[in-house]
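Just so it is clear, A, B, C and D label the chains in written order, and each chain counts residues from 1 on its own.
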């Protein structure tokens, strides 16, 4: 059987190590495996064996993993400990610059991976790590074949940069689907990997084609040219629901649409001003108007998936018009024009939300100008306000807020957010404390700092929808990171008729 | 040759044709009747717009395509002994069988009448294939023979050429070949020679006559040139304002025109041999004799041209390499005296205009001297020329094209004043009104625009402009060629009158020898850039010495059927060209003087 | 003739050199590609790392020199984003674009020339008015509105035509028509005007006076002349189509063509792709113009290319 | 911002009624001489201009005023319509009629200024090329070649990237989109004019090159320029909407007809009125302008013919 997907996005390359975009994340899970897998059916975190069958801490900084036997890559090569070490160390001790950049913000505490024997490997951390499994479960540590990769270009025994580049155009993993055709930015075709170690894939072939126009995607679905389409904006749901041959699967995605503020910008410098504009955004109305009320408006930077660290009780972000006006009056704002940067189409409802927010700010006397540009301005000193997203890269506050707002992390690195020593200390406690209570307390403290001197405003967790033919059984799973198109056995079926 | 006793070949009865215009229907031809018999030549004459072409097009019922309508009348065409067809009511299919087959037509302008993107062969063969059902090969052979019959050189090559590769005379002969392809019984020639030089015209006329004699075709010959009529026609129909004013045998018509209009028409025709103008004493503006110029033009030389040479480069290719040069003016010398008219005659391309333009430095001469008031103009730069232009003005051939359509008459007429004087707007306007009065244009024309005037009126505007800065010399380049004969006569009179009043010297350029004779005191005959003969008008035209002058004079049709010349052979029909390879050294010219002021080229 | 072609080729080289240079510097001035490629959350050091990795380091002059040097080696570079040779990326896109282009040109010609002729011949009857009215409308609708309307009507509601891809001829119907509507309208008007000009020429009177049937007069004598003028505009139209025409249509119909590639590579600042694309399109446009000029010379015997160049 | 644009629009177009008052007889005679389609076109043109000029006075709402909870309401006469929103509301609950009026104003402003810029640049270069010939001509023609060979969307994109996407940039970008058409036409006209005897006549009368250029050549290329202008005007309106489709138009929330259609296209299934109203206006503008242009050209041709 063949499944056809009409996708609003198509990545230019496929390499789970280098990529952390919302576009690529759709596709890796079908092709690659991680050492420690996770049950995606529930929002709760339940780890389960992946390519490693068992794992234990041999020291606070060393974890030893037993590898699954008889695993074959999609090109027929058996998976060995060397492949695993190669895969891990390409990220942990990166030479290829895109890996270097990617590894830093989340894998920084890992030093290296070592082979113990043909079926055992060790991962060595620099400091005791509270999040071992969580981190090993990450997309960046998916396993790829060593020999195949090295032989792609140049010297077959050396991993050159060009090998990694070639790999991202013809990627091979151990997962249930082999990528049989990949035209960057255009088309992706999977075929069943018959020698997959787990339950075999339900489709002989899955083809994903790029259909950027919303109207075209919906038309293609209605016209039965595709079975599933991605990115159906809330405003279009009624159209699909009205058609008895089609249906919709939706979920709030573990990702926040946020606004970032440049705390270092001359106009934006005053925390009172940033507080004022935060209080002025009526997020519930945005949700009601743009998301049919189905998005989740959080009070703080937290997700259900965090388990014990889920802290909805924190009140970091609130709507209070009176307070906003008062703070604004007290602030140093003198009627300057506030530039609001946004990309044209990247976020569902992104441009609409920006316009709505601009109106809300106008209402309290702030001058705004919306600047639509796909250029990333997060590091630009003239940037004032911009929309962005904080995805949950892994189910821990570190995997979302943490990755983005760590001292010397991406936000600080770009110079629009500044931390001090105190922040750093609290951060350390949050990141490395062994006791969950300590981490919680530290996180609450961080949130309070965010509240007092906001570098951002969390808007909502979007309500994302996929539409499909009536007979297709598929839904986004709460345990996955955002946007994953999970077509593994048990995740999708087509009612035969 | 004509058999007037039998039934006519074509008989037009009470033909009325009109056009629908924005102001309602407008009659172009009214109640016109005439007959033509086999073998006869009927001329239709009349001034421009009198309905000649409309009549011709009506006969072939092509007038509807032009937006006209046959309101009334019969056009009876005798197809054979006993069947007569009324073309006015025939079906398109019937007409298509007749057109180009039993009745064919030659149009005035040979370039625009031939399709520029089809070969000559193709255009001739079409007719043969259509009406005579010849195969492509037979048609091609036949077309070759036709080209041979109209004496086109190298007919095989011509078949493959395109119209633009042929000269006007050649194209006109292709038209004739095309018209004769199916041996029509009636040939309509609508001004077939108007655009051509006299010598070429003479050749074409001979050819038509000769072919007609051989095949007994009836010819309707449309023209406004009474000379051509006298030469060609058996009978004449005179038209005016769409109506026939008179019809008669040619000889009778010329001898004893009955209608006043015919008389007027015949009188207006400049006749060669009527004698040159005599010098008249120049008068001042006040009309009082002026003692300074009283001595007459014979003394004061205003312009002396010595050994003038003007050449144009012919460039080709990407690098615009110079491949040859047009020797447009070769070693020309003459003088022009105050109050005198020097006529320049010669065929198209002989260099008349180039002399005029060189004298005004509108083109840069290559060598020689142009002495104006003793000062040599040749080395002057454009900027230094500008003040001198006040005394040197020009009237151009095409009166409409030489007037900027977006300027009012007042602005046009006073442009030289604006440039050369500091007169105020008011003063200039007053001058303009004065000038318009002098050229006898209504006073209210001052704020009108060129397109609101007739051809003759436009030429008056041009004259007024040339006069406005009170120049000493006016170069009149084909100043009356574009005008109707009657209008032409008026303008010539005007120019002569102004000359008498102001003592202006004219360099009068024309290809029309009769006009030159009427206008000029002295004449220079040009051939391929060289003056072949120069002298007083009477001397040159009455006693031509050079062969070329004779040939030229011989070719001019004389508006008198009694002087019909019989030419034995067809004359020159090809245009000569003065293109010479680079480095060509023309042999020096030597002149022989015959009497005072009469020189002839010898070498 | 040869001289003409050589001359044109020289001019073409000059044009291309200017374009390449201009595009190179314009892209650099329009922002650093890094901010589009891998922008989010990069510290200064990381940013520098990637700048070096993508070869975006050094002054613009240096970069230009490197670019020219690799051009000389026949190396057009790797896409910054896809990290594969730009020529390979283009090769994938050329065929679909060409299909669309050829389809649109053919449809334009097939519809607009007869329509224009009819409109000229029947200019005073309702036929002419109807054709010209349609042409006015065709010229007045934004083509993406038309494209999406087609999509809604023929795919969404009626389900007659496939909406994405280009595998069967049915796939061509909507994109080709949506793309060519504007051009059909323009060409119809132009053909009509050219034909009207020719219809008043005297040589048509000559042709009729020869007794030729109207069919021959129109299709042989008139059309051949009108064709010359039509050809001159056709060249510009094809060139325009090739240069820019179809990005909108390609997007709506998910048609993976050059137009979409160019715009998306420009938006994402994939310089090597953009530069190669502009180069390729410019060459194509210039070649098309050259071919049209040559055809013009063939169609019009009065134009002798070698002599007038 | 909108205030200044209205002001400048008024300045450039002037009061359309004052002209008529001065010469009522002449205008009336012109009017009577027209056939009915032309009168219809003129009335429509006048209505469009009037609506654009008075947009702030006649529109019922502020163009950017949102009512987020009244999004996507259909026009009056349909179910769920909201009183007061004649043409319905858009994706942010703004009044479609109001935005159409403001969009019309902005679109006309952009198209008029863009077409003027194109005319000035193209006209000047064409004049230069035709009159000066030689190197100048070669340079201008090379520029024309380049302009034709570079996809215009790229030029627009890069310009917006370098200079930002505000109205002035957009106008200039749209202005240069078609300069080469003006340049080609004008150059051709000048080359033709240069050979006209009246130019030589003026030179013979002693006119300087400057006088010839400005007194004789310029006035004679004005009518082809005007015709070109009208044709380009509608092209610019269409081009602006294409740019909006590609996200290269004016930044929201400023409304132009093109951006309303470009952004509204996502709602063609669900809320077609968002697209229909501005699209119809675009259609109307382009139709009216083209018909005016065609008529102008016919006029010109007739004058050329009776020459």
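What we mean here is this: a contact is a pair of C-beta atoms (placed from the backbone, for glycine too) under 8 Å apart; a residue touches a chain by one contact, two chains touch by 3 or more.
From a predicted model like this one, the values you see are computed outputs, not experimental measurements.
Visitor: Give the identifier of the chain nearest to the protein's overall CA centre, each chain being represented by its own CA mean.
Guide: C
Visitor: Report which of C-D and B-C is connected by more C-beta pairs in contact.
Guide: Counting C-beta pairs in contact, C-D comes out ahead.
Visitor: Using the average of all C-alpha atoms in each chain as its centre, how far is it in Å between subunit C and subunit D?
Guide: One centre to the other, that is 23 Å.
Visitor: Can you work out the whole-Å distance between the CA centroids of subunit B and subunit D?
Guide: That gives a centre separation of 49 Å.
Visitor: Quick one: report the Å distance separating subunit A from subunit B, using the average Cα coordinate of each chain.
Guide: Distance between chain centres: 89 Å.
Visitor: Residues of subunit C that touch two or more other chains: which are they?
Guide: Each of 31, 148, 152, 156, 251, 267 in subunit C touches at least two other chains.
Visitor: Identify all positions of subunit A at which a residue touches two or more other chains, and write them in rising order.
Guide: Within subunit A, the residues that touch at least two other chains are 215, 218, 375.
Visitor: All pairs of touching chains?
Guide: Touching chain pairs, listed by label, are A-C, A-D, B-C, B-D, C-D.
Visitor: Okay, in this complex, where on subunit B does subunit C touch?
Guide: The touching residues are 57, 60, 62, 65-66, 92, 95-101, 104-105, 107, 109, 112-118, 126-127, 130-131, 162, 164-165, 175, 178, 316-318.
Visitor: With touch defined as at the start, can you tell me which subunit A residues reach subunit D in the complex?
Guide: Checking each residue of subunit A against subunit D gives 214-215, 218, 233, 235-236, 238-239, 285-286, 288-290, 344-345, 351-352, 354-356, 358-359, 362, 369-373, 375.
Visitor: Could you list, by residue number, the parts of subunit C that touch subunit D in their complex?
Guide: 11, 14-16, 18-19, 22-23, 26-27, 29-31, 136-137, 139-145, 148-149, 152, 156, 182, 189, 236, 239-240, 243-244, 247-248, 251, 259, 262-263, 266-267, 274, 278, 281-282, 285-286, 289
Visitor: Write out the stretch or stretches of subunit C touching subunit B in their complex.
Guide: So the residues of subunit C in touch with subunit B come to 3-4, 6-7, 201-203, 205-214, 216, 220-221, 224-225, 228, 299-302, 306-307, 309.
Visitor: In their shared complex, at which residues does subunit D touch subunit A?
Guide: Residue positions touching the partner: 64-66, 68-69, 71-72, 91-93, 161, 164-165, 247, 251-253, 263, 265-271.
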